[in-house]
Structures are given as structure tokens and as C-alpha cells.
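Going in written order, the chains are labelled A, B and C, and every chain counts its residues from 1.
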């Protein structure tokens, strides 16, 4: 598996354009980002039914501004801000700013404030090893995540690329093979929406094991996540499991380099049904009103990537969700 | 006529600020744009009547972000994004992002996706040969365009600088003296709003001839546009004609360099009345409720430009529309 | 007092990141800004009462774009645009653009148009000599300004960092020790909202004296402001007085360098009660409905700054307003 595919964590780290600063040696602004556009076939769309053709253009442009400086004492102070312009299901939006994440780093410690990354979001081994961190050219709903269950997705704090995010606090620690992360937010102070989360991970040789957990009063929000991933040169394998307040979901993922520029990835997940007791109790917050189809069952997908050079690649993916939804996508992705 | 005035196509090409990229040789972000501000006299305004003084400040700041990279195979992948802050008729808005146009170019071909330029918009010889592409410092309503008729303006796909645009697809082709362009959009999937357009142009010596056409179910949207322009050193002349679903409009345009830094431009257009049959049939979508004054008649204008150096110029213009509206504007315009 | 603290005028002048321009020697875009984040204790907040914890995160990220070019005749044409993302009282907003201020400068003269600075806002000696121009990490309401009275704050034209501002016109003049500034706006043409303002200042040795005034029909908007400030090496002292349409407010401010990196600042203001005649007449536009507590009385504060190097500092402040509101704030501030 190529380094490029491997480092494509959804929210994070690529910055390429550096503006030299005139008067302060330590301070800088970096502008980077990516563009991607392609074609999305989604069998849930039908122009005659919901006004959306089954085949549409999907696209996103992201600009990322990274500002930082370093104090005389070696503390790095910085912030990350994004602008995003997106089209999904043929609906194009104008660009919007998100809210900033601020941070202070010293040694292995980082304090984050504002639009935090979040400890569940940042657990190693949760997202797909693709440039979109999901299947296809726009992620195709991120069905592959074992923390997305019960038709209720992204029920955790995560750096928001087009919104204000959790406005929380987090501490990250890194020392050699060990990484740890705790995060906390009150969703802007509202009572009952607090989220506390943690993750720890350890890398031994080619393998990384990680554990994540979230505690909250938000319905279906208590989570325990376990992952194990191996980077075996040409091959990558990964196993993930989450208990989502009683709903288990398993995921198995494998990818392989083919020739000099291609990588192919396959995945399968299996989600348990909600327990009869919970269904009868009518526990809320799931977006599907049908009691008997809350997302349980098997989902799977396949993704193909071809490195075009210059930071660009061709990406294609097909996935079937447990809710019988099929998407097939292909397009190009380029970083700058 | 000076090169500067000549290349000031409304939507396009000037980029000046280049941010060197640190880690990818081929990828870059360019920031460019322009500012303009001045005074607008408009006899349709009256502070006592509509709350807007007849003389107001008109201003615009545009920031343009151009991102691109080149694959190993020589395909350029890129996107264009704009931020615009504007004041017209004394109403200042805060800056807004538009939506991105994505593209892939190879040889003479370019595929565009998203906030497309559009084939009618991009037909050579449609806009005025001024920095604003219209008369005065803010274009003064672009009355000079032969495709703007029947009090219904900009009824074609065009790159939107402050909105989401058409979310369409287009292909441009250039080979020597020939340029061609086809575009298609569904206005985000709504049925009955499809627009298909094409333009072709050919340059022979000092002259360029162009033909544009649009087909759509949108009322008054079928258009055929023909232009012929000559760049005769000190002089520029241009003729344009459009049939706008039965409404003809002619335009004649001439400009002349005076001395080392000045250019003066004059234009006149003549628009036919809507046919009695169409008026009786009550064909919709024209913004003027009065049946008898839909824009027919003669409009004319004069524009003066003085090159100040450093990418800045003084711009002034006066125009009379066929609807008896007078505007006189003057101000400065600078690129960066 | 350190230069750094001294030059931190709220709205103005720091720009650090310069993007070299490729094709026009004179034109450029500069990107600069600052981030700040910290903790705010405000005894007016109570999670059980108004949903806001008494201790919250306060943060702001500002990006500033400065565009300019110079004509052959030596006139500088330019514009300033800002993006701001902010969290106060635990409510995080996404980033927003403001509207642009345009300018033309030649010799000591500057013409400003659009989102103008404003002559009251720009009167020397009005804001605190801190990085936030107020107390603490986010200004803590800018109670220290003698032009903020009667529970009605910022009743003058000022460059808006997150809005459209006054859309006015202004002329600034500077010659040696003398600075002058006149500004005028109609608040986008609405009748009765005109504001005219002026300031003049003169620096003699270590001392600067300034006079500002505003004339308007907006209730409580007529103002006369007098300031005197001295920069005495290690010490800074300042005196300010304003008559706000009959409401007097005095302010006394002193700051002192301590050691190589610290500065401590203390201030006290005293605001007169609204005259009985005005109270009985029910003159409007004050935000406090209680007739007997419109802000009169004594306010005071203390602010501590520690220079961390690299354009970063630690900032902390405590202030008591005359309305018995206590805030204590501490955090970090960094420029880029």
C-alpha cells in the first residue's frame, strides 16, 4: 500500500503551500486543500420521484488555512480554518467557512480548543484507508465505519469542515509508539449534550491497536471502539469493532497495492439489530422511523485508486449498504 | 486599443499572486483579484422616493483563488473559487464565497464541472471591451449586451462570482484560430430548467467571428448570437446580433486609443419590440409587468479609460437605456 | 512599555505575510491576522439560569487580506478585507467575511471608502494599550472606553471586522506630528442615520493630545472626546474624557513595564448619571430598560501581559463594571 493512500486521514495533516512571513520568523500562514469531482450513481435517487437524477455530479473544493507561531519557550500556538464548497445529489452550495480549532503544542502534548478533532473521530483504524476516508469519490455516506449504526451517523465530536463543530477542549499526547487523546464538549453549554471521549493506541512493528470510548447522555451515544490494523508492505489489513450503546458492529478491511500506482480496497461490515427491549422502549434519535430497519445487517464495498502523479489520483468505489442502497462513484482527486 | 483593455474579459483570466508550494512541484494556489470603487449617478434613484440617493458609492472587492496541479500524464486538474464584497445603490454586503468551477485540461481540451463558464457567456464579442465588461465602473447593468432583452437579463448559464452558478458540465476546445465550447446544466436537477449551449469562433488576421446558441425550455431562453470583431491596432470595432426567442437586438461598438494611456469606447444597441402574438399569449418571465415597455428601442453609451500604471486605471462611463434610465459613473479600478 | 503592546491598535496596521506577485511589480496581497483563546469568567452567566456556564472558552481567529498596488503617479490604491471566526459565552460561530474598506493614498492624504475606520474610532488615546484594545483576552466589553456610556456601546462609525460597517467616506491626513481625520456615512442611505465625525491629534515629544467629535441625529450620538497620553519609557499614562450628548465619562489609565517581558495596566472610569430631564423625556436607544441604572458610576480593571516571543503573549485581565458585572479572563494571543 502506498504512503499516499495511507496518510489520507479525513480531517488532517496535509499542508503544501507556505507563505513566507516578512517580519516574524516564527509565524506563518499555510494554504492548502484539495479538489475532487466525479460522477455518483445512487439508486435512492430518481429525477421523477425526488427531483434528483440517479446519476449526478459530486464535487468538493476545500481550502485550508493553517496559522502558527512558536514562542521563545518552544510552544507552538496555532489554528486551523477551512472553507468548503460542495455539491451532492446535484445541489451545489456556495463556499462556507467553518469555525477555527486553536491549539498549543509542547513536546508530545497538544491542547486543542474550539472546533476540536475529538477522541472518537481521531481513533486510529476507524476510517477507510482511502483519500476520501470512505468509499468512492465523496465517501458514499461512510457506511464502512463501525461507529455509524442505527441510521444515526456521526454521533460524536468531530472537527467540522463546514460548521462550528463541538466548541470543546481536548488534550492529545504522543510518545514514541503510544498516542492518547481525551476530549470534552458541552455542545455550547446546553445541558444534557456533554460528550466525553478518549482514545489510546499503540504501534508495535507493522501493527497498531487502538481503543476509543465515548460517554454522553445523548441517546445511543455511549460507544466503545476497538481496532487493529496492520501495514504489511504491499498489503494492509484492518479489523474494527464498536459497541454503540448495545448495538454491535464489526468491520473487516483489506487493501493491496497492484503494480506501481494502483491500490484496491475491499471491506465488509455487519451490524446487529437493535435489541427488542430498546425498540419497545422507543429509544429515540434514530433517523429511520421504521422500527424493523434501523441499519442492521451486512454492508460491503470495494474501492480502487490510481495515482496520477502531481498529487492527483483517480478514485472509484462501489458500496452496498445494509439498507439496500447502492452507490457507484468515480472521479478525480487532487491536492494542492 | 491597449492590450490591457482588450484582455479584460469579465469572468476570466488574470492571476498575479503565486504562492510557491513546498512539497509538490506541480501543485499551486494563486490568489489574485481586483478592487474598484467610484461614484454612480442613477436617475432611477431618489433618496426621498426609494431611500437611495441618486448619487451613491459603488464598489467591489474580488478575491480569486486558483488551485491547480499537473499529473504525470500532463493533465492539468484545477479549480477556481471567488470571494466577493460589493456595494451597489448604497447597500453594502459582506463578502461571500461562490461555488467552485472544477476543470481538467489536456492539450486543447478542457472539461469544466460545477459553476461552469457557459457557452453563451463565453462567446467572443459579447461583452464590452472595458475592464468591467460593461459601461462605467460597475457595468451599469450590462445593457450593451445583445443577449439582454425584454427586461430579462442574464438568461443563460454563466460563472457566478457570488453564487452557486449552474452546477453544469462543459467542454472547451481550442486549436489555433478555432475555439469551441459546449455547455449543459439542469439547474440542480429541476425538470424544465435544462440549458444546452454552444459557441464556436474563428480568428482570421485582425478579425474574430463567433456564433453562440442556447436551447432551453425556460421562457425567452432560446438564443442565437452572432458577433464579428476587429482589432485594428489603434481602433477596435465590433458588431453583434442576437435572436432571443424572437426578439432581435443589434449592437454596434467602437473604441479608439488616444495618446499613450487613454481609450474611448462608444456603443449603441437597438432592441425589437416583443411580437404582438407573444404579448397577447402573455409569455412569462419578463420582469417588467407593463406590457408595452419591455426594453425595446435604442440604448447607447460612452466609456473612457485612462491607464494609471501598476495595474490601475481610471474608468468613467455614461449610458442611456431604452427604458429612459440614465447612469453616469466614474472611479478607479486596480488588479492585484 | 514594550513596542509590541504599544502598537496593538485594535483595527489596524499589522501585516506580516507577504505573497510576492509574479507579473505586476507593484501589486500584492498580504495575509495576516491573529488567534486568541482563553478562559472567561463572567458572573452574569450561570448555566442553570441562562444556559451559559459562568466560565467559558472565549476565542477568535482573524484572517486579514490586504491588497494594494501603486500607480505610476505614486498613488497607492488598496483594500482591506477580513474573515473572523469567534466564540463568546460558549457560542461558537462559523467564520464570516466583513465588507471591504477601499482606499487611495498619496503623500499624507488617504481617501477611504466603504467599511471606513471612522474618525471617532480612530482617535488616538481612546482604546486601551493592550493587544485586545480592552481588558483580558477578548476585550471584556470595552467598558474602559469613555465613549461607551448609558448601556449603549459603539455608537459611532467603526471598521467592522465581521459585518458590512458604515459604507461611508473618510479622509485622513498626516503631516509630521499632526494627524487629522474626517468621516461621513449615511448608514446605507437611510434618512436620519447620517454620522459626521472628525479627529485631530498632535504629538509633542512623549505626549500626544487628541480631540474627536461626532454629529448625528441618532439618539445619544453627539460626542466630544478629548485624550492626552504620554509614553514615558517604562511608563505609560493616559487621560480621556468624553461628553456623550450630555453624559460625561472620565477615564484614567496607567501601565508599566516590569522586567524584560511583562507589562501591567490599570484603569478606572467614572460615568455620570443621565440627567433627570433626559430620563423623564424617555430618550431612547439605551439598551437597559431600568431607568435608574444606565451605566453611571465607577468601573475599573487591571490587565497583565507577558511577551512569549514569536509574536505570542499571555494576556490576563480583571474588570468590574459600574453595573456590578465582574469578568476575569486569561489566555494566549498570537499574531501571524
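Rule of thumb we're sticking to: contacts are C-beta pairs under 8 Å (C-beta built on N, C-alpha and C of every residue); 3 or more make two chains touch, one makes a residue touch a chain.
Only a predicted model underlies this, so the values are computations on that prediction, with no experimental measurement involved.
Between subunit B and subunit C the CA-based rotation angle works out to 120°, given as a multiple of 5. For the self-contact between subunit A and subunit C, the two sides draw on mostly distinct residue numbers; the shared fraction is below half. Subunit A and subunit C have Cα centroids lying 40 Å from one another.
Counting partners per residue, subunit A has 19, 83, 96 as the residues that reach two or more other chains. Interface residues of subunit B facing subunit A in the complex, by the touch rule stated above, are 19-29, 65, 67-73, 75, 77-79, 81, 83, 96-100, 102, 104, 113-115, 162-165, 167, 169, 186, 188-191. Taken together, the subunit C residues at the contact with subunit A in this complex read 16-19, 31-33, 35, 37, 47, 51-53, 56-57, 59, 61, 63, 83, 85, 87, 89-97, 308-312, 332, 334-336.
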